[in-house]
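Presented below are the structures under discussion, each in the form of structure tokens.
Both complexes shown next keep subunit A, but they swap its partner, so subunit B is in the first and subunit C is in the second.
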Partner chain A sequence: MAEFVQLLFNGLVTGSILAMAAVGVSLVYGVLRLVNFAAGDFMTLGAFIAVFLSISKGLPLIFSVIVAILGICLLGLALDWLLWKRLRENKAGTLALFLVATGVALILRQSILMIFSSGSRKFAINETATFGFLGAQIATSQLIVLLLATSAIITLGLFMAKSTIGKDMRAFSDNASLAAVSGINVNKVVRYVWIINGILSALAGIFQGMVQGRFDSTMGWTLLLPIFAAVVLGTIGDAYGALLGGMTLGLVMEMSTWHIFFGGIPSSYKPVVAFATLGIVLLVKPEGLLGVKARSI
Partner chain B sequence: MNAFVQPGFWIFVLLMAGIYCIFALGLQVQYGLGGILNFGHVAMMALSSYTMAILVITYNWNLYLACFAGVVMAGLGGAFLGLTTLRLRGDYFSIVSIAFSEIVRYIIHNSDHLTGGAQGSLNIPSTRGFASYTDQFNKVLINIQGKIKPIFGSFASRDMALLLIVWLSAIILLICMSFIQRTSWARVLRATREDDDVPASLGKNVFLFRLSAVILGSVVGGIAGIYWALEFSILDPADFQTIVTFFAWMVIILGGATRVKGVPLGALFFGFLYAGTRFFQFPPFTWFDSVQRAYLRIMIIGFVLIFLMLKRPQGIFGKRAEMVLE
Partner chain C sequence: MTTPVFELKSVSAGYGDVQILTDVSIQVPANSIVTIVGPNGAGKSTILKSIYGIAKVTSGEINLHKLSGESIDVRATKPHHLADIGIAYVPQIDNIFPTLTVDENLDVGYKHNGGTPLQERKEKLYKQYPDLVIRKKDRAGTLSGGQRQMLALARALMSGPDILLLDEPSAGLAPALVDQLFDELVRINETGATILMVEQNARRALEISSYGYVLDMGKNRHEGPGKALAVDPEIVGIYFGKR
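This part shows the complex of A and B:
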């Protein structure tokens, strides 16, 4: 029982972080048709900026986090202006978008290594402080991250459901040309997508860094595959699907280490478990969890 | 500056270009003909090289039989990838193919008793007490070295002998691929690249055509893996990271995406670009120390990739008309 509670809790924490990042990736895909390979490195960069300001420069943590979020939002907007806008105008194909995104990811990761050097980092939080809950030992930092991530997700959900710009975004993901014809400002939607993506990926990166304890420049890339799995699981381009996919995979990944499953799958296989889950779901329902079967004519 | 004037280094660069040429040819079959965006190609190299190494080291197989088994394994890997994911839409397939290659790498990395795990092929369990799979092949190379000594003189190194074998294989494969381009199989595949419904209405099983393209490409990628393993005499799971697949994509793009004959040119161009960045011993590169310059090399690959896609998506040697159809 204690083990179950522990794993359930870990699963919720991993799931909420995955879900946040996955929504960012899914929104970017839905509106821009861009598979953002740099998403993981956006997260890493957010965490590195925050840890640099709060540890090396001694600034308050909240302030550092806000600067990190602003930085990632600006990065997204700048890249859109420099690259994605031009590629959209050129009507670039999937391959071009894929390769440019990979190029961006490579440059970002190497820049992080170059600017912050290759050592691992740590936030000034005590991740070993725990409290007992139903026999399990829960880390206080994990609980705080879970609460913050949940509130971020709920805020985002409300924003997507209620605000005009949220509705515009969903309209755009559903049918871009129809949305454009009905007078939705394309550039405004694109700008908001990068801002929301910046907030989500910076926060997800910082949270992951806090939960993990020590992290280095490969943190985001390691998470990128489970994030993609979550996005595809919840139907690519669907923000609510990405939330669901992220939470599902987080729980499945953590639960797979429970000893009742073949004596517990080794934790180094978690990304494999994520994709095995995705594979099984796609075999049964190729359009993803929330997808509607495309009707062929 | 020393390595810059050493012929041995440039032989190595040419040799690696040859291996990348073969590796990229496998991708070219998939993309150039079928428009399949496979981003997990490096898995085929990992599968073939590790299968070969394990069979030779642990099971004392004959090297050539093991090489053949390795290539078959790569083909099976391609079949598995295709069967499970090729029915998915294009973007889904690309994402899942990356995952496939990373999962292969994770499994190799974590299966200590079979693959040697993080310590690489040196740690593969062996009955003879040492884990080497190149003994048999080294004899062949030494033999070749003796034969080419009159022609190449002091350049007749192990790399030079392997270089000849690799480029000979590359040329043979190139000729095969050019031949395949003219078959009806290739014409149907090209039709599926534009549209599924037309070939399907003519009674062609689009899925089977795509699957066979993925398997063929994987087999070719597997051959590259064997040469990779033979060149380095030691395997490490870290050799097979996703970035290697992107190197192959860069080779294809440089050579002009839809042209088989562009692949060797792209591979040479890439080989010299990647190796040449070692010699940036002048400002602004001297502002950085050697560790930072190593990061800079990968960054330059990223910049070239972005620049090409923005300015010349058809590649250096490609035709624009063949690309804009998408």
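This part shows the complex of A and C:
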């Protein structure tokens, strides 16, 4: 029982972080048809900025987090202006966009190393502080991250469901040409996508850094495959699907280490578990968890 | 003839160097249904595409004359602003947002043309389409073919348009639904909407039209009141085949 509670809790934490990152990737893909290979490095950079300001510069953590979020939003908007907008206007294909994104990912990761120097980082939080809950030992930092991530996800869900721009974004992601003839402002939607992606990636990176304890410049990169798996699992381009996919994979990955499954699958196999889950779901439901089968009229 | 709501004046248009339309003129009077018919490849769809800048207009005028007396040069208007000025378009396929709910499809279609608030316009449409009220919270992708077409029309009407452009609205619908669709278009027209449509199902479309144009090889070939064109033996023989 204690082990189950522990793993369930870990799963919720991992799941909420994956979900946040996955929604960002899903929105960017849905609206821009861009597979953002640099998504993991956006996260890492967010965490590095926050740690740099709060630890090296001694600024308050909350302030550092806000600056990190602003930084990643600006990075997204700047890259759009510099690269993606031009590639869109020249009608670049998905493969071209993907390759450029891979280049961006590499440049970002190396820039993080150059600017902040190598070596691992750590937020000034005590991740060894725990409390007992139903026999399990829960880290206080994890609980805080879970609460914050959950509120971020709920806020995001409400924003996507209720706000005009949220609906416009989902409409655009669904059917870009119909959105354009319906008078939805493309440029505005694109700007909002990068802002929301910036908020989500920076927060996901910071939360992951806090939960992990120590992290280095490869933190986001290592998470990229489970994030992509979450996006596809929840039906690619569907923001709600990405939330569901992230939570599902987080839970499955952590739960797979439970001893009742073949004595517990080694934790280094978590990404394998993620992809096995993805494979099984896609075999049964190729359109993803929330996908609607294409039907003719 | 009074000033039409919408008109194409000697429009020539095409793609790249290929000219498809030559001096095409179409007039759509207020509160009318005007249908453009013609054989495949006549350039029917290109007319709608030229309004949206997808086909390049090389000469001629496209004008919207609003009831307020204001005239707007459509060629000088960016495609994504056409909904704002009062032109609504229902594409032939992919004309709904499948992962949005029925209700959200209507929300994103809203433009405040004429100043009616969103809720008011939505309630009015729900009264017209009781089928959609039942499916309000469902994702639009789960609707049946007929319901989808109704939603596509309702979404377009949410913008409070001066003119509704329809690209082959009956294409792909089951025969029983085709009749239902044309009845619906008459009903929409009776509530005050002006409709310009391109149709493959020529006879049926012309029967409900106040006026029709027959297009051939990218040029105006015939025109006249819809009912007369629908039974004109020459046109029936040449373009519609014997059915």
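Following the convention adopted for this analysis, the second predicted complex is superposed on the first by the 294 of 297 C-alpha atoms of A that agree within 3 Å, B and C clash if a C-alpha of one lies under 4 Å from a C-alpha of the other, contacts with A are read in each partner's own complex, and residues count from 1 in each chain.
Note that a contact is a pair of C-beta atoms (placed from the backbone, for glycine too) under 8 Å apart; a residue touches a chain by one contact, two chains touch by 3 or more.
This is a predicted model, so every value here is computed, not measured.
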Seminar exercise, completed: Max touched-residue count on subunit A (subunit B vs subunit C) belongs to chain B
Exercise. When the two structures are overlaid on chain A, which partner does A:183 contact: first (subunit B), second (subunit C), both, or neither?
Worked result: second
For this session: Would you check which partner chain A:155 touches, where first means subunit B only, second means subunit C only, and both and neither mean what they say?
Result: neither
Exercise. So, A:128: does it touch subunit B (first), subunit C (second), both, or neither?
Worked result: neither
For this session: Using the touch definition from the top, say if A:164 reaches subunit B (first), subunit C (second), both or neither.
Result: second
For this session: Determine, under the contact definition given at the top, whether A:103 touches first (subunit B), second (subunit C), both, or neither.
Result: first
Exercise. In the superposed arrangement, does A:238 touch subunit B (first), subunit C (second), both or neither?
Worked result: second
Exercise. With the two structures laid over each other on chain A, which partner does A:175 touch: subunit B (first), subunit C (second), both, or neither?
Worked result: second
Problem set entry | Residues of subunit B that touch subunit A when the two form their complex | 31, 37, 39, 84-85, 87-88, 90-92, 94-96, 98-99, 102-103, 106-107, 109-110, 243, 246, 249-250, 253, 257, 288, 291-292, 295-296, 298-299, 301-306, 308-310, 313, 323, 326
Exercise. Which part of subunit A faces subunit C closely enough to touch in the complex?
Worked result: 164, 167-168, 170-171, 173-175, 177-186, 238, 290, 292, 295-297
Problem set entry | subunit C residues touching subunit A - in the complex, by the definition given at the top | 52, 79-84, 89, 91, 93-100, 104-105, 107-109, 111, 139, 141-142, 145, 148-149, 155, 159, 172-173
Exercise. So in the complex, which bits of subunit A are touching subunit B?
Worked result: 29, 35, 83, 86-87, 90, 92-96, 98-100, 102-107, 109-111, 113-114, 118, 225, 228-229, 231-232, 236, 266, 268-269, 271-272, 275, 278-279, 282-283, 286
